[in-house]
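In this document, chain identifiers A, B, C, D, E and F correspond to the written order of the chains, with residue numbering beginning at 1 in each.
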Amino acid sequence: MRTTVCRRATFNAAHRLFNPKWDEETNNRIFGLCNNPNYHGHNYTLIVKITGDINPETGYVIDLKTVKDLINLLVIEPFDHNNLNLDVPDFKYLNPTAENIAKVIWEKFRNHLGITFDIKIQLHETENNFVEYPG
Amino acid sequence: MRTTVCRRATFNAAHRLFNPKWDEETNNRIFGLCNNPNYHGHNYTLIVKITGDINPETGYVIDLKTVKDLINLLVIEPFDHNNLNLDVPDFKYLNPTAENIAKVIWEKFRNHLGITFDIKIQLHETENNFVEYPG
Amino acid sequence: MRTTVCRRATFNAAHRLFNPKWDEETNNRIFGLCNNPNYHGHNYTLIVKITGDINPETGYVIDLKTVKDLINLLVIEPFDHNNLNLDVPDFKYLNPTAENIAKVIWEKFRNHLGITFDIKIQLHETENNFVEYPG
Amino acid sequence: MRTTVCRRATFNAAHRLFNPKWDEETNNRIFGLCNNPNYHGHNYTLIVKITGDINPETGYVIDLKTVKDLINLLVIEPFDHNNLNLDVPDFKYLNPTAENIAKVIWEKFRNHLGITFDIKIQLHETENNFVEYPG
Amino acid sequence: MRTTVCRRATFNAAHRLFNPKWDEETNNRIFGLCNNPNYHGHNYTLIVKITGDINPETGYVIDLKTVKDLINLLVIEPFDHNNLNLDVPDFKYLNPTAENIAKVIWEKFRNHLGITFDIKIQLHETENNFVEYPG
Amino acid sequence: MRTTVCRRATFNAAHRLFNPKWDEETNNRIFGLCNNPNYHGHNYTLIVKITGDINPETGYVIDLKTVKDLINLLVIEPFDHNNLNLDVPDFKYLNPTAENIAKVIWEKFRNHLGITFDIKIQLHETENNFVEYPG
């Protein structure tokens, strides 16, 4: 039976939402306070969900220590205590909305996990706003 | 790729569970303490989940400010600090169980959102009891 | 050394805030939506904090099973799934604000616990509003 | 419309992860600290999710009181304040990973609920690690 | 009896920790990742605790609606979705550590509340780090 | 002004409550399920609260990185994934109740922090049971 194991982690980052092809007025209308040119920030909560078969020898779908190490390598090191727009190449040309951050994280995991695993990313930007990216 | 954005909100309401076609003894047997004729109440936590495509111009599936405004219009204003049985027409002839409240909220959102969006409602009645209505 | 042990519990109740000596307009101005005559409700979270000396034989300040039983007897049975204004004699002439509910609970515990214990009541009405009553 | 009702509960248990067919070195390499022969423990949080049709007479998919009673009978009584490896027959020959605990709980519910219900088990081992077993 | 009422709110902001009198190496040694010149950010959770006597007419220590409005005026409007170092005059010459942010908020409330009230500020910077400033 | 900084951490451990001077019947009567000779376990949540003056150069009472390192050294390394009764010398002759665990942790911190700091330990054994040890 396909079973899903989930690992939670947090990172803290600054960001700003805007579309460089638009003028300031349009950006303000669409993104409101999130377009502050001096940036604001969040404590992001990430949940990586990996679906596969339970290995009968270990009782694991995948060792969550492996998932923790991948989260550190792929997300915490490049994102934590950084400015997503300025410090993270993934968002040089991509607006760092929660949707796009989740998509970028999903792609990183897809490149590092075997094809027998399904991956789903849940990303909480605040206690009231979160997204789910199932690939 | 289809992506889901979620918005959380809370409202406080009184309610009572009963079926007017049944006698008091049957209502007490089926609904127990929830059938108290003087009502009891809850802090409901609502999560509205909307699935669609990420707009490449904004990086949004839908602006969560729009979802917040719809939650205020469709749920908070009519339900918050009210008695669901007495003050909310949706429950004049419908027992306000968590299942039915979620279904009513889903129908309100279905009527206000474009057909390209899928909608799922999660409603927490207590920290131990919650329901999911996917339409 | 004085040590504090704490026990958490929840109850669900309807209530309405108003002062029967005031006219409706004054009650609406002071209590706003909380004055809805049809009631609204909450999931209350109660934390009972009891301070005393650690018994060297047991390692306990007081057995939390005793505190749990007292919470059930003094609070859950009379308050849970009830209407505080109509069903609970303590609030027949006392406005069931969070402050007054905490005070009533403190007095009940003061009457049931030995004088060597200090008591503090914390009561959460919503996730954003809570009170502390230290006696 | 198919609707899901969910009930949360907690239990506290000791356990140890190891494969009796492997030598100590292999067990330590695969299970690390979780292989401590003196056991460690967790506050497990269980969420049982049951999907079915809303009964138009009650407004319930299933009475959550029934689900609560089943959780007590099938999970809390045999697992709570016990050592999963030593005290619970289900894990005499099965490694008590979160995946396997969830699977065992799913099977218990499958045997006790009518076939019209779908069942999904979510089990949190820590605040960072949890699993989902959909059967 | 002195009673404490508490109101919770959240705001999202960017910040950077550094002492302009120190060289870069010293700032990096003392503040580590928090000294990123491009800023990082947090979802701050604020709890304002106000202690006073229960007014026998209202049952309130102070109307929490008043506290909510003061939080919006004194904290949310100037801090939320801003860069504490660049956008908030309070931190032009003051390092925006959690301790200093709590102290600034306490002083704002002290200037706006009557002397009969005691004030205590609790500020959570992450789920693991928080401070309490009792004045 | 004296300010308090707080750091949260978690550890997972097995334990058993009993008094070796008592017979089995007395231990069962006093400690109930907690006296299971095969042990049970918890996810403990620890909050270390340190009170001192804000250093005007750093804006810190104490660097929370220092507190995090001390928690790892004094608590996580010796307690996490261990059996408190069998693996931790502090509890060889001391019943590992939440009260006593908090006291032991307080004493460890008292020995490692300068006398200008006040220390308070909060320890959560379950979501419903926690203790506070102020020294």
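One rule holds for everything that comes next: a contact is a pair of C-beta atoms (placed from the backbone, for glycine too) under 8 Å apart; a residue touches a chain by one contact, two chains touch by 3 or more.
Just so it is clear, the model here is predicted, and its values are computed rather than measured.
The set of chains in contact with subunit D as well as subunit F is empty.
Path length between subunit C and subunit E in the chain contact graph, taken as the least number of steps between touching chains: 1.
Shared residue numbers account for under half of those found at the interface formed by subunit E and subunit F, and the copies are therefore classed as meeting with different residues.
The greatest centre-to-centre gap from subunit C, using C-alpha centroids, is found for A. Each chain's centre was taken as the mean of its CA atoms, and the one lying most distant from subunit F is B. Inter-chain centre distance (subunit B to subunit D, centres taken as mean C-alpha positions): 28 Å. Centre-to-centre separation of subunit A and subunit C, using mean CA positions: 41 Å.
Taken residue by residue, subunit C touches two or more other chains at 127, whereas all remaining positions touch fewer. By the contact rule set out at the top, the touching chain pairs are A-B, A-D, A-E, B-C, B-D, C-E, C-F, D-F, E-F. Subunit D meets subunit F in the complex at residues 10, 12-15, 33-34, 36, 38-43, 80-83, 86-87, 126-127.
Listed in rising order, the residues of subunit F touching subunit E in the complex are 1-9, 49, 54, 57-61, 63-65, 68. Across the interface of their complex, subunit A is touched by residues 17, 19, 30-32, 94-100, 102-103, 127-135 of subunit D.
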